[in-house]
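Across the two complexes that follow, chain A remains constant while its partner is chain B and subsequently chain C.
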Partner chain A sequence: MKKKWLIRLVFSVLTLLIVSILSFMIIEFAPGSPISRYADNPKITSADRERIIRHLGLDKPTSVRYFIWLKNVLRGDFGLSYMTGRPVLTEILARLPATLKLMLFSFFISVAFAIPIGIYAAMRRNSLPDVLISFISYLGISLPSFWLGLLLIYIFAVKLQLLPAGGQLTPWFDSSAFPLPVRPAAVFWEHLRHLLLPAATLSFGNIARWCQYLRSSLLETINENYIRTARAKGLNSRTVVYKHALRNAITPLITVIGLNMPAFFAGAVITEQIFSWPGMGQLFITAVFARDYQVIMGITIITAAMVLLGNFLSDILYAVFDPRVEYRG
Partner chain B sequence: MPEILLNVKNLRTVFLTSNSRITAVDGIDITIGKGEIVGLLGESGCGKTAVALSLMKLITPDEGAISADSMQFKGRELLLCSEEEMCRIRGKEMAIIFQEPMAYLNPAFTVGEQIAEAILVHSPMKKKEAWEKAVDLLKLVQIPGAVNCAAAFPHQLSGGMQQRVLIAMALACSPELLIADEPTTALDVTVQARIMELFRRLQQERGMSVLLITHDLALVAGIASQVYVMFAGMIMEKANTREILSEPLHPYTRELLLSLCYLEKQEQRPENLKSVKNISGIQPGCRFHRRCSGAMTICSKTVPPLVDFGRRSVRCWLYGKGVG
Partner chain C sequence: MLKKYLKVILLVFLASTILVSCQRQEVSKPLVWGIPYDVETLNPLFTEMAVETDILNCIFSTLIKVNDKQEFVPDLLAEMPQISEDGLEYSFTLRQDVKFHDGQELTAEDVKYTYEMKMAENNAVPDRYIWERIDTFRVTDKYNFKIKLKSKDVTWLENLAYANAMIVPKHILEEEFNAGGNAVSKGGDFSRNPVGSGPYKFVEWKTNEYIKLEAYDDYYRGAPAIKEIIFKVAGDSNSLLAQFAGGEIDIYDRAEANQYGELLQLKEEKDIEVYKYPSYVYLHADFNLRNPIFQDKKVRQALNYAFPKDSFIENVLGGVGIAAHTYIPPWSWAYNPDVKKYDYNPDLASELLDEAGWLRGEDGVRVKDGVRLEFTINTNTGDSIREKFEVIAKQEWEKIGTKVNIQNYEPGTLVGDILQNVKFDIIVFAWKSGFDPNAENLWHSQQRPDLFGTGQNYIGFADQRVDELLEAGLQEQAREKRISIYREIQQILSEEAPCIFVYFYNDLTAVPSGLKNFKPNPTQANNTWNIWEWELES
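Right after this comes the complex of A and B.
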């Protein structure tokens, strides 16, 4: 058992290495460079540009630069941002809590909605509610998040003026304006109402995919023979579904959720941009436009590590739910 | 004749597939007395399992439907019982053992949990108590190392062990009627004999009735008092075991007996004893006429009635329309 997880760890590190090489190359092939923005600036001479390039170490060949970068990363140094001059890690860590808050909240919402909706649809398959759920799910799978985000902003922020259009907190929000007993509730609501729209944007696709997956998985499980055994014991249909069928139907969903993680992160990048959410995704977009290689690489590696961790957790959960798994490896 | 426990009249079971209706059970009468062991004999695909599922009303509306003139169990009409009432009967008064044990055990729970659950549904007690009872049941069905077995997951057990777990589960609440669908097919002969011995003991000690569903004539001969011979969804012959063995009336029963003799002599099965997997395209006339060596003209035209000779009955034109 220990050996199996050790092998997993080695492969995860290898994956990270390959991810870093590929992203490094892709950035290198992409047009533009960190000094592109000075191209039209008459005050910066070509000598200045040469100096900046040398200063940033961009005059060395790509492979050499990669190994310098790798060596530094292994020592925990992700370099300095070209834009701000501050350490990349500091920049990322400053943005990470906002991203984690949004993602964990969305993840919780996705699971909390997908599972009951999936069960409901499976139990009433081919009924009107089920058909409606399928229809909405197809919308959820096909609608791009930037479009959905803008639509939600238009409806809830512009037209109905119920929720803020972006940001993590209202800049002038002052909790001391509220009397002490309701203060925690006020702070909570302030955070929550900013979360609702971006989280909905991010969760819609997940809920759609996961509830449809659970639906079909549950319908498949209900046809299993051991469900008949459970009924033959005299268990009522609730226990049969919620204990015997769900337990087995949910296991493959865990893998699907794990595999969904990269798309989840990618969605977060766009969602953060639309809702001016001060997270890693927004930093990433800014870094891409500025060709801030160091920040791009830093975020890519940290995101990849989080995806791998997510997959790792889903594998552990899978083994917890399905007793047959640990013996397979 | 002992007190009647189960009395089924004209049971029909229809399965729905995406584009057809399959009549798996086509008008069957079964009577089981209290403390009686009755055999239901037939080859695979003849609708035996459908009978078992129908008796417990375990066929879901998605799968198909059952109908009958009456299904009396302990004086109660099962056809009128709600699903809720059926839940109280299933497992407690009437239990079933399925074949293919691997598929019928939930892979996500230990077998001990699954047996304990069967106990807990009908008699509330502490979980630990139910667990101990589960271990006792495993001992009862001859499982060596019952304590370890209870803590094991189904995939960690052999096919024979799994089968015995299913038997233990069915016996959990001491049912009055045990429907055993090929209960010992996965077991080797010595264990099979012990399980049969256990059934007989439970029959004598607790007055348990058993409907033993099998293709194995030898198994039925050893334990059952009455035998129903089924073919393609219909009862072909019903008699007590001694009569079936000594004087089979229906050509199909004779063939079954003959095949048993052939098997004992290590010879080939008679050529025409191929299994009928598909009984959906039912032709007119006797279900058996295509395989019957003594088929007559009438056999391919009209289904013979089940002719009652008092203690036994047979469905064959050889015996005319009535009192033969």
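Right after this comes the complex of A and C.
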């Protein structure tokens, strides 16, 4: 057993290494460079450009730079961002809380809605509500998030002016303006009202996908022999579904959700952009446009590590939920 | 059970909503300026973004400023500098009542230190353009200093008015410089906690959210009327407009031309003012003169004649722009009103191509010596106006017997590869010029980056007369003589047609109608140049 864990660990490290080499090469081959931004700046001379290249350490060959980068990463140093001159980890840590907040919130909303809706739809297969749920789900799966986001902003922020169009807190929000007893509620609402629109945008697609997964896997399970046995024993259908069918039907959903885990870290590029949410997705897209190799590499590697971790965790959860599965590495 | 929870949640929700509506009346709101993305640094030594200038204008001072009428006025100086007969030596006298935000007096030593920091070997400053031209910098006493240039350059002074010539405090940066092993970093402490001598003090910077400033009561022009200013990161133009409409930001600067209609509509409903004013930014479509097709002047002229500039401005821009005929805008003192203007005339365009020997082949595309008149237009993705330019150009140019392809790239690729490595046939993008008409970097033959490694003459334009005139323009102090120099340059450029000068942008800024003394400034000084004068009447 221990050996299998070890093998899995070695493979994970190897995967990370390959990911890092590939991403380093891809970024390297991509057109443009961190100094492209100066091409249309009349005040930057060729001498300036060479000086900046030297300062950024870009005058060394790619392979040398890769090993320098790797050596530093192993010591926990992801280098300095070309854009801001601050450590990549500092930049990431400045964005991570906002991303975690948004992603976890929308994750809980998604699960809270997807599971009951999925069960409801499965139990009333082909009824009018089921057809309606399917219809809305397909809408949710196919609607691009930028469109939904802009629509929500238009309705709730511009027309009704109920909720803010962007940001995660009002810059001049001052909780001490509220009397002590209601202060927690005020702070809570201040956070919540900024979360509602971006979380709704993110969750709509997730709910749609996840409830359909659950619906179809529940329907499969319900036709299994042991469910029929349970029914034959005289258990009411509620108990059958919740106690027996759901536990088995939920495993595929766990895999799907597990694969979704890295997004908690990487954020949602488009949604964050639309709602000017100060998270990782925004950092990544800015870094790509600025060709900030250091930040791109930092985020890519940490996200890759998260993917491996997510897979690993969902395997464990699998074993917990499904007694038939034994963890074998 | 579930119902009980729902009830509780609903109650909390209701209570909160009521609270929020109370909150709106209680808390006094600062002036909120929307910015599209976070800035990279607040250390003026390293600044290179326009948005940074907006903020740095509040925190720091420059020796001189360019005002809204585009005249030089002293800022930290007691009066404009004296320039020696030979145009090489500048004598400066500082005001004696300027203090940094920490109470330390600003003196000539700080100015000299700013120069030294720009030139320090290990400081990764982006450009040293202004400072490299300095031969000697002599501090004569606490408030006086003399700068001698290596060679005469009448455009040099203008650069002192912009963000990358803002004066930094020696007593603070010295520590960081020494502690950092003779280097100040773009991400260092001063970048995140700047101390300047401008009208506003730095308070807080929350990465990718906002930057908060408060009025500096000891500002030498007197305490600013608006007590708190917040620069809020609000996302792209759609988000900025939405947040402006929703009242989350008070000022929407640099609105897109195609949002003009929406802003005017908003003006009907809200107490806002929309400013529309000319800028120095112009859109142009450059011919790559290394391509044999475009070495023929008649082809370049024909394509100029075949593009309906006026209807483009009218229909695509909704009139938010002014036709360009040269690189100098019509409101500049150096503008030449008599340049050749290429009014839309497809028949004349066809004639020119016929004359040049480009004759229509079987498929309607012209051919000369076995070469088809076929080329590609490039621009950056995500810019609907440039994309429409391409579509209209393609339609119109194909009517006169060319074959036009369109290929667009993400901005980093367009600039970093297609432009920098001069891989284009025709490339569409915009330049922002200074208000001085010098444009050596664009038109001098020694500024072709593919040959000399420097300059922005990506077109590959080379004309001996233009070279001479550009050099003369930098030496000549007298305005009258400079006018005739730049008029001749424009004359030659319009005849040679190395590009299509499409239009000069109009800048759009929406502000609360109670904002007094807001005076838009189209130069690189930006609109916050006089923020100390602003007042907000509710």
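By our rule, the second predicted complex is superposed on the first by the 318 of 329 C-alpha atoms of A that agree within 3 Å, B and C clash if a C-alpha of one lies under 4 Å from a C-alpha of the other, contacts with A are read in each partner's own complex, and residues count from 1 in each chain.
Heads up, the rule we're going with is that contacts are C-beta pairs under 8 Å (C-beta built on N, C-alpha and C of every residue); 3 or more make two chains touch, one makes a residue touch a chain.
Predicted model, so just to flag it, every value in this text is computed and none were measured.
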| item | value |
| --- | --- |
| Joint occupancy of chain A by chain B and chain C, clash or fit | fit |
| Partner chain(s) touched by A:248 [first = chain B, second = chain C, both, neither] | first |
| Superposition-derived comparison: chain B or chain C, residues of chain A touched | C |
| Which of chain B and chain C A:95 touches, first, second, both or neither | second |
| C-alpha centroid angle, chain C to chain B via chain A, nearest 10° | 160 |
| First, second, both or neither for A:237, with chain B first and chain C second | first |
| First (chain B), second (chain C), both or neither touched by A:157 | second |
| Partner chain in contact with A:229 - chain B first, chain C second, else both or neither | first |
| Touching partner for A:126 - first (chain B), second (chain C), both, neither | neither |
| First (chain B), second (chain C), both or neither touched by A:176 | neither |
| Which superposed partner A:142 touches (first chain B, second chain C, both, neither) | neither |
| Where chain B and chain C come nearest after superposition, their Cα distance in Å | 23 |
| Chain B/chain C common contact set on chain A | none |
| Parts of chain A lying in touch with chain B, wherever the complex brings them together | 224-226, 228-237, 244, 247-248, 251, 321-324, 327 |
| Of all residues in chain B, those that touch chain A in their complex | 53, 56, 58, 83-84, 87-92, 95-96, 98, 100, 103-110, 114, 117-118, 121-122, 153, 155-156, 166, 169, 172 |
| In the complex, chain C residues that touch chain A | 12, 15-17, 19-20, 23, 26-27, 29-30, 32, 37-38, 40-41, 46, 48, 124, 126-129, 164, 185-188, 191, 206-210, 212, 228, 230, 232-236, 238-239, 242-243, 245-248, 409-413, 415-420, 429, 431, 441-442, 449, 452-456 |
| Contact set on chain A toward chain C in their complex | 30-33, 35-48, 51-52, 55-56, 80-81, 83-87, 91, 94-95, 98, 150, 153-154, 157-158, 161, 164-174, 177-178, 182, 185-186, 188-190, 192-193, 273-276, 278-279, 282-283, 286, 288-291 |
